Each structure stands twice: as C-alpha cells, then as structure tokens.
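Step one of this worksheet: look at the structure below.
Chain naming follows the written order as A, B, C and D, and within any one chain the residues start at number 1.
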Amino acid sequence: MFFASDNAAPCPPAIMDALVRANEGFAKSYGADAHMARLRDTIRTLFDAPEAEVHLVTTGTAANALSLALYTPPYGAVLCHRHAHIAEDECGAPEFFTAGAKLQLVDGVDGKISADGLIAALEGADRSVHAVQPSCLSLTNVSEAGTVYTPAEIAALAKLAKSHGLGVHLDGARFANALATTGATPADMTWRAGVDVLSLGGTKNGLMAAEAVVLFNPAKSWELELRRKRAGHLTSKMRYVAAQMEAWFEGGRWLDMAAHANAMAARLAAGLHAIEGAELLYPVDANMLFARLPDAAHARAKAAGAQYHEMGDGTCRLVCAWCTTDAHVDALLATFRG
Amino acid sequence: MFFASDNAAPCPPAIMDALVRANEGFAKSYGADAHMARLRDTIRTLFDAPEAEVHLVTTGTAANALSLALYTPPYGAVLCHRHAHIAEDECGAPEFFTAGAKLQLVDGVDGKISADGLIAALEGADRSVHAVQPSCLSLTNVSEAGTVYTPAEIAALAKLAKSHGLGVHLDGARFANALATTGATPADMTWRAGVDVLSLGGTKNGLMAAEAVVLFNPAKSWELELRRKRAGHLTSKMRYVAAQMEAWFEGGRWLDMAAHANAMAARLAAGLHAIEGAELLYPVDANMLFARLPDAAHARAKAAGAQYHEMGDGTCRLVCAWCTTDAHVDALLATFRG
Amino acid sequence: MFFASDNAAPCPPAIMDALVRANEGFAKSYGADAHMARLRDTIRTLFDAPEAEVHLVTTGTAANALSLALYTPPYGAVLCHRHAHIAEDECGAPEFFTAGAKLQLVDGVDGKISADGLIAALEGADRSVHAVQPSCLSLTNVSEAGTVYTPAEIAALAKLAKSHGLGVHLDGARFANALATTGATPADMTWRAGVDVLSLGGTKNGLMAAEAVVLFNPAKSWELELRRKRAGHLTSKMRYVAAQMEAWFEGGRWLDMAAHANAMAARLAAGLHAIEGAELLYPVDANMLFARLPDAAHARAKAAGAQYHEMGDGTCRLVCAWCTTDAHVDALLATFRG
Amino acid sequence: MFFASDNAAPCPPAIMDALVRANEGFAKSYGADAHMARLRDTIRTLFDAPEAEVHLVTTGTAANALSLALYTPPYGAVLCHRHAHIAEDECGAPEFFTAGAKLQLVDGVDGKISADGLIAALEGADRSVHAVQPSCLSLTNVSEAGTVYTPAEIAALAKLAKSHGLGVHLDGARFANALATTGATPADMTWRAGVDVLSLGGTKNGLMAAEAVVLFNPAKSWELELRRKRAGHLTSKMRYVAAQMEAWFEGGRWLDMAAHANAMAARLAAGLHAIEGAELLYPVDANMLFARLPDAAHARAKAAGAQYHEMGDGTCRLVCAWCTTDAHVDALLATFRG
C-alpha cells in the first residue's frame, strides 16, 4: 500500500529491457548517439512540431529551472501558482538558475491559476525600475492539487501572458497523465496553446530518471545546451536516458501507463466518496488526490503499513502509480473504512 | 577501435544486473532507500572514515561544482591546474555553483600542480579587498594529462594549501584508476593526505551515471544536500544510482576494471614507443595517454574507423576503458604502424 | 509643496560645509582616511558598541542587500514584511546579493510584522531539503507604512528569530526618525534588542548619499568588505561619504532633523484629521503618512502643484523631510480642504 | 608628494561650487532631475551620438561590471588584458554581475591587447558546449600600464571582436587622459571605432564620485537600468552625481585637467630618465607611470614622506592627478636623485 509518491515506483520491464539493449558496445557521448537522434524525431512527430528541439535531463527540477532561465532574466519574475512545485519544492532552483529572479505567486482555486488571478498579477505588476519585471508564466499540468488544465484553459492563460510579453512554460512532470485525462494531443496541450517550453516528465510515470526539455522555439536551443552543461546536467552516457524515453513512447506505453494510474486514482476517489467522514479536497482529475479523513482512519491505515503523506488536520495526499493495482487501492480503502 | 573516451563505454553486465535487481517494488525516494544506506556504509568502510558523509549525483561536473561551492565563497578563488577539467571542460560550472568565484590557474608539468607553482600562487595572491581570496585547492587524480599524483604528492600540496587556510578538493573522476596505479588505499589518497571532499567518479569506470561526493568533514553535509537539491541534482529514484555503485564496489570490481583499463593504456604506450615517429607527451600513469604521431598514421587509423580526439599538430588523446581489449589496442597500433 | 519623498530634499548647509572642508589636499582612498576613522569611533560611541564595525555605502539598497547576504546563504530565506522595501522596491537586490535566496513574506498590520505572523512563518517553514531554509529576519524601522517598532517589539521578534537560528537585520533607512519617535537609544533599538546588522540610513534624512552598515558581530566584517568591493560599492574617495555622516551626527543634528520631519508629519496628520472625508490609513508614528482623500481634494492639490504619490482608490503617500516647513504643510492642507 | 593614486586627489573648486548650486530645494529623485537631463544632452553632443543613453553610477567597478553584464551571459567569457583592472582589482565584480561568466586573459605588451593575442584567443576558443563562449571584448584606455590605445588600434581590435560576434566594452576610468594624449574626439575613440558601451570615468579625474555608462546601443538601456537598480547603484539624489559631471565637461574642463595630469607625468618621466639607475617600464602615454629605481632612491623618497605603490624588485607606480604641480614632481625627483 504505497501511495506516497509516483516517484517511488519501479520501472516496467520494458524500460529495463530497453536499457539492457542500449548497453551494447561504445556509443558517442553527450547525446550524439543513435537513441537520442531517434528520440528527438519521435518527440517531434508526437508533438507535430518538426522544428522543436529536445534536450534531456534526469530530474524535473533541472528541466523546470533550465526552462525558466531561458525566459526569465535575473531582473525578471516568474508568475506561478502559489503552491507550484517550482515555488515550494525545489529549494530555490528557479532562483539559482535564473541568477536571482523572483517567483510571483498567483492565486487560483484547486491548484490552477485563474484568469482573474493572472490578470491581477499582470496588471498589478509594478513596471518601474524599482521592481522585477514579469517575464514568464509557468503552469503545471497535472497541477500540484491533482487537477488538470484543458488545452483551452492553457491557451487562455498563455494568451494573457503573451499579451504582456511573457514567455510560457509548462511543468509537465505528469504531462502524460494530463493527456490521458483530457484526450488532448501533445500539440494541443502545448505549442498550439501558446506554450514555449515544456518540461516533459518521464520519471513520475515509470522511467528511472528521464525528463525532456522540449523547446518549441528552437532559437533557444544553444543557450539551453550551454546552461545544461554549466549546471552539470549534460549526462555523458546519454544513450541510457534516451533509451528509457524511447521505450516509454513505444506503442503509446506512456499514455497507457498514465491512464492506468489515473484510473486507480478514480477508483480510490470513488471508494473514499463512500466513506463516512471522508472528504476530497479537490476534483480528482488525474493520478493524485487529496483527502481529509477521520483520525481513526489514518491510524488504521498506518497501522496496516500504508505509506502516504499526511499534511495536518486529517488531510493527506495519495498518489497512484503506473503499477498501482485494484488490490492496492481496495486494501487501502478497506483500512480507511475499518 | 573506440578510444575517444571512457565515457562512451557500456556498463558491465554486473551493473545491469544490479539495476534489474533494484527494480523491485516501491522504494522510498530521494535517498531514503536501502541501497543508499548500504552504499554509505560501504564507502565509509572502504575509506576507513566512519564519519564521512556520502551524497550521490549523476555527473562529474555536478560532483565537482557542488564540492567546490562548499569551500569557496563568491569572493573566493579555486586554485587548480591550468588545464584542469573544472577550468576547461565544464562551461563555467564552478563559477555557477559558487555564485561567481574565480578559478586561479596554477602551473605544473605533466598536468600536475607543482609545489613551486602552488607556493607562487599562494604567496603571490593579492590579499587586499580588491582581489578574490584563495579559498580552495582542487587537484585532479588521474590528472587531465593522464598522470597520477601519489598520496605523498597530494599530502604535500594539501599541507601548503591548508597552511594558507584553503580547503582541499580532489576531482576523482578516474579515482579508481589512480588507486590502481599507486596501490594506495582510498584513505591514504584522500583524508589522510588532507583532502576535505572527494568527487568519486563511477561513470568513466563502467557505471551508467553515478558519482559520489564524499565529505570527510560531515559538518558540510546539510549544506551539500541543500545545494544539490537546488541544483536539480537530487535524483528521486536514488536507488538506481546507489545500486550501480554498490555493484561496482562489490568484490573490488571497481579496482579490477580500473586496473584493466590502465593495463590497456600501458600496452598501447608500449606499442607506440616502438613506432618510428611516435612520441608520448606525458608519462602514461593510468588509462589515458597523449601522443604525437605522423599524419600518415592518423590518416590510416581514421580510415580504418578508429575513433579518438585529435588535438592539432599531430597530437591526440587515447583513452582506454574497462572493456578495451588487447585486440582493440593491437588493431589500433597496427593502423598506426601501417 | 513637495511631499513625494524625503530623498528629494536638499542637504542642510552644514553637510555641504563639511564636504567643502573635507576637500583639502590628498587623502588615502577606500576608507583609509581620517574622516572614516573618526566616524567609526563616533558610531561605536553612539551605539555603545566598541567592537562594532562600520562600513559605508551610498544607497540604502546596497546597505540592505549586503547586510542580508551576510546572514542568508543562497539556499536560505529572508523573512520580511509582505510590503517591505526589500521585497517591493529593490528590483530583486536581495536575491542578487544572496545569489538567489528567497524572501518569505510575513503578515502583520500597519506595516509591522506581528509576533503571530512570525511564529506562523517560522513554525510553518518546511525544513526538509526541498525548501529554502529560513535564515534571516529583516525588520524595517520606520516601517514602509510609516509606523515605528519600539525596542521591546523588536526584541520580541528578534528573540523568536534567534530561537530558530536566524540572524536579525534592521533596515534603518529612517532609523533616526524611529529613534526620535521612541526616544530610544541606538543601542536599545539595535544590538540590545538582538539586531545583528543595521542599515543606518542618512540619505533620507538630509545627506547627499551616505548609508552605514553597522555590524554588531565584527567577525562578519571582512566578508562584508569583500562583498562590498565585489558589488562596486567601495567608494574610492570615501572621505566625502564619511564627512557627510560626521556632520550629520555632530551635536545631535541627525536626531533634530528627524524630529522635525516627524513633527511636520504630525502636523499634517492633525490637519487631515480635521478634513471631512479624509482618512489616515495607519498610525502616523514618524515622518511619512498614508491617507485616503476625496478625488476633489487630490485634484485641487495637484492643480496647485503639490507633488506626492497617489496609489489608487484615493489613497496617497505623503512624506515630510528635514526641510519641510509649517508653511508647506499648511499650504498642502489648504489645497486639500479647498 | 602624493603619487599613490589619482583617486586620492581632492575635487577642483568648480566641482564643489556645482554641488552647492545643485543643493537648492527639492528635486525629483532617481535621475528625473534637470541636471541629469542636461548632462545626457551634453554627453550626446560631445560624442556626436544623439541616440546614446547615459546612466550614472558612483564607482568605476560598478560602471564596468554593469556594462559587461549587458554583453556577457553567464555562460559567456569576457576577453581582457591579463592585467586589466576588471581582472585584478575588482574582487570578482564582473563574475558577480554576469552571474558567473569567465574572464579570458589575453596577452599583449605594455598593458595593451595585441591583435595577435586577440586573434589567438578568438580562434583558439573552444566553441563546444563544454566551454564558456567568448561574448565581449573589454579594452582599457588608458591601460593599466599607463599606455594609450589610438582610435585606430581600438578599431582594429573591435573589428576582430565583432567578426566573432562579440560586443565591445571600453573601460575609460581615465578616458579623458586618453583623449588628451591622442587628441581624438570622443566619437572616434568609441562608437566610430566599434565600441558598444563605455565606462566614462570622472572620479579619477577630479570628481567626487561620478562615472557614466554610455550606451551607444540604446536598446540595452532598460536592461542597464534594471541591473543598476538591482545592484544598489541607482542613487536616489542623482542630481548631485549629474551636477559633478556637468561642471566637469563645462568649457572643456575635463580635458584640461587630464592634459595637466598627463603633462605632470611627462615631466616626471623626463626627470626619471635623467636619473642614473632609473628605468621606465612602459611608454608614458598619460598620467601614470611605472619605474624601477635603486633601493636607495625609494628609501630617500619614503623617508621624505612621498606616497606611492611599490611593487617589488624596485618597481613602483607613480600617478599624477589634476592637481599635481611642477613643484610636487620636482620634489619627488629630488628625493629620488638624492
């Protein structure tokens, strides 16, 4: 009963097999290998973006912070949701990579920036020399509350941002889950909605350690490469990172895995709904949910060995992974029900 | 005939097996897993350093730059060899991680800092407020010229550095090769010689992507952890990084692999010695050598598909890996001989 | 009728005379002159702090950002009021000087951090590796709302901060005004209350450009000096900065000027109180006040040439300077009254 | 007998008078005053550059570091002379302001970058992702050796730099002295020769503290303003900085003062030439010279109270100021002669 995080899950056998297959003989380092070349093509095709540039890193924090640095000068500000991962969970990585820009926190219910919140932030910004200048909007899909933006919602926010001269970043640590929820195409969820750069996360959806920065504006590519190297994120044996992601895309595996995780969260939500005294804090759009439960329910679950984050006042976060099963979910629900 | 770099080699089967074995069920993320705990103990034992702290990253640049940041404030200087990797091959990572410290380049033949060079740098340093303050000595073993410092040489340089208040970092991207050359213990090559922090490299010696920062002063551990997270180098599924390194140490595998690579370089050096017009630029202490060869020799080798770095004026770098064979070496020599 | 800012006022003749007197012959540069030596002694005596170190800069932003950098590592956070000058008016200088630390905004009415707000920030801080670590408390006295902390209030907040391991900075851009309001001694307002470093502002109280960083922990002095030089804030002809401040302290001139400016604000507040439809937004403790006035009042004042900041919704900021006169105040009130 | 530095000299009366005149009533802060407006026009006229933007700071280090930051990204390199002020005397300010770029040191005799040295640096630069990218050339006129580049020399170096895509910065801490030496116009020495941004120094030539950043590419102006504020270099009472410089340009005063200082250095050089055992290290082009003298000569001079920098091996630096007199020079020479 492990619901603490999708980043604690193992990799599916197909990924391990791909690693073993990639482990043949010498291969050029730093991304000049055949896996990387094929992966780049695959992503371009999947996103219907033949000009896009793709660069790999091994953590979501790196993907996010590097992306933001491309669109935010030191005297700039990133607009993001008050509870965004970049604001709360990266120990200041955006500030480090941008050389000291600010994050400007925007409000919005259910973990999603609202148009009103964004308008207030953009129009209320002090554009004098005494203040940092709003430079980049960062959205997260799936959001930190487990909710999902539709392509139309992203497009509306991106349009506002662009009308004020901002770049648009999408933190897609759980991008596949958002696609699975909405049925949107990768292109509709990103560049067609105005996204300039995507952190495309694989690690939370079954990969060992692989995240892609997808640049829809290829003019930023060389800068990204230099910043990546300088940050120590240019993996020498890149073939192993690329190979993971190749296998992940193969036959739509990434979406199947995400859809499964989402389905497990839906099952869990349905079960919680039926529990007296249990309450869901946000809509359950993807593979992660937040609930309030009676103390006794938590006590039973913990006693039974369930692992998940408690956040005070009876609230908790429950995350389903590609390998979470009906049995896992039902067992957890059973402990909660008592 | 691939002699371009040891970072283009595959991993030995034992490493892949370890990864597959580590891929069982859920495991706590961010280093709270059992592999990491065991690896920490292993390293403490190997280094006879029960208090040492161990933190993993996935690139040598990250290990180096994070280590340097612990000992070098923004208004400080790192003293390193004129041709050190940190000076020439990391796109300014030390400057990034230290928030703008300087590298002060020190001279010395055969890629090694000489005592005289270090004394000149230390005593010649401007200690007024107009200059950055020497803060950290960074040595590289195996050096960028393929030569090896003995523990006594390291101790002499570290003593000089410490008498001027500097910290001491050892870039051990090829640490195992240096141990294999000298037969020194890990402890003698590091903390007993005055080293405060070691970048212990696994990637160039058969691992997929695994480097350890070994802190002999555990008081710096929390700072290292925060800087690592902030730099995007806290891998979530740490078990896979730790598992690689566990298997690497198992039964002395790391030293066996390094010794083999060193032996291949020695074989190559002996062969080059016998070639009319070939010249070795530096002593061949480990698994990497630099040579000057007639143009015709290069032309034949390249025509035959040999891969290695040419550096102008007939010079080249040739690196042997854990999986380089006698046959590879002899084939390369044959093309050179014509 | 200039009420836009105290930094738009001229200098009193005594300051200009001091500059002219300092302009005799050659003097050692970078602070090795006699004016600086005397000023250091004067400040030590005034603060009853014989060990304090004093370093001059020429802007308040520099004094603040340098001070914060001494107590806040890049992976740290500065706790400050939501509307602190360092948060809203310095274009990210604290982030720049700290190499990317965060400002964590604390609530509190009337521009002052409340004990409850501080406790919430300290106890609610995520102390895991995923978050920046609270490192420094920055208070502003006079606050950005024109209110004043008593020494006891500062001591209570500093005690809380120190119990969590934070350093304490006081932004005293209008420090003299706060002393004039409370009658407190410099020592009681600073180190006896737990302040580690003070930005002692002269420019807003009659100087041309002179601010002192007063370090009550002299162990930080050399670091401050190096950071100051590196930031381009080590003025070569320091005698002119020191001479301004010498003349300012002479015979209690700094406190007299501050008391006068405070009295002018009190007169203005009293006059506003008597105006139908006028409203003061905060207690008027020092030389700066915030008011809401009918549109017609603003229109009359502006038409008559009055200069001050309007902040929307009929609100405005009115600042009195050392040279503001009864006549200036009465004239402004007359236009408001119509 | 003060020859330690031109930054230890007082200001001429005209400057003090201008300050006193500027000290009338309230004036808008942060550069919105009438002095700044007039000064901007004056500089545009003097440089025959009606589009140039002018921003003031109070130290040369700030002017240089801010200028470099406009043309050098964090992953870039500034090419400068091995002994440039930015390399040796600013405690890493360029690294701080650029967020960690490197200075790449270029050789050249007599303190001036040679075309060969620059070509070697440009063509030898590693343009791979593993190295920082040459981004800006910084020249110093008057050089740190007291020599002067002609406009033609600057143009030749700037052309080389631009052919490789670099920006061109001129550190003109002693710009007026270089103009006085060559008789060149400000335009010929700067933008007509390919200079993009000039640090125009006033402090070493008689001002209290005033340096102008002159941007010949006005598109960089807003970025400069934000960086200046963020660095704490936006002086609030800017009128006093602008007024100094206004008075300096008045009637060609800046050039007269510089010409006088140059003449004093020439007189000193001529006198040294006649001293047995004295030797000039570089051509004496402006107001600063470097000499080697017998120990006895130094001993006599020091005993007589002469102040100047000794640099080891009998060498010293002697700087003449706008207020150095024939009598000062002759007195120093007399002590040297014994």
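Just so we're on the same page, a residue touches a chain if its C-beta (ideal position, glycine included) is under 8 Å from a C-beta of that chain, and two chains touch if they have at least 3 such contacts.
Computed from a predicted structure; not experimentally measured.
Asks: Tell me which of A-D and A-B has more C-beta pairs in contact.
Replies: A-B is joined by more C-beta pairs in contact.
Asks: Assuming a repeat means more than half of the contact pairs shared by residue number, which candidate in B-C, B-D or C-D repeats A-C?
Replies: Repeat of the A-C interface: B-D.
Asks: Counting in whole Å, what is the centre-to-centre distance of chain A and chain D, each centre being its mean C-alpha position?
Replies: 50
Asks: Measure off the straight-line distance from the CA centroid of chain B to the CA centroid of chain D, and report it in whole Å.
Replies: 42
Asks: If you average the Cα atoms of chain A and of chain B to get two centres, how far apart are those centres in Å?
Replies: The separation of the two C-alpha centroids amounts to 33 Å.
Asks: So which stretches of chain A touch two or more other chains?
Replies: As it turns out, chain A has residues touching two or more other chains at 74-75, 90-92, 96, 99-100, 129-130, 132, 226, 229-230, 234.
Asks: Chain touch graph shape: choose line, ring, star, complete or other and state it.
Replies: Looks like everything touches everything, fully connected.
Asks: Can you list the residues on chain B that touch chain C in the complex?
Replies: It is residues 30, 73-75, 99-100, 129-130, 132-133, 223, 225-227, 229-230, 234 of chain B that touch chain C.
Asks: Of all residues in chain A, which touch chain C in the complex?
Replies: 74-75, 88-92, 95-96, 98-103, 126, 129-132
Asks: Show me the residue ranges of chain D that touch chain C in the complex, using the header's touch definition.
Replies: It comes out as residues 2, 4-5, 7-11, 16, 19-20, 23-29, 57-66, 90-93, 96-97, 203-204, 208-209, 226, 229-237, 240-241, 307, 321.
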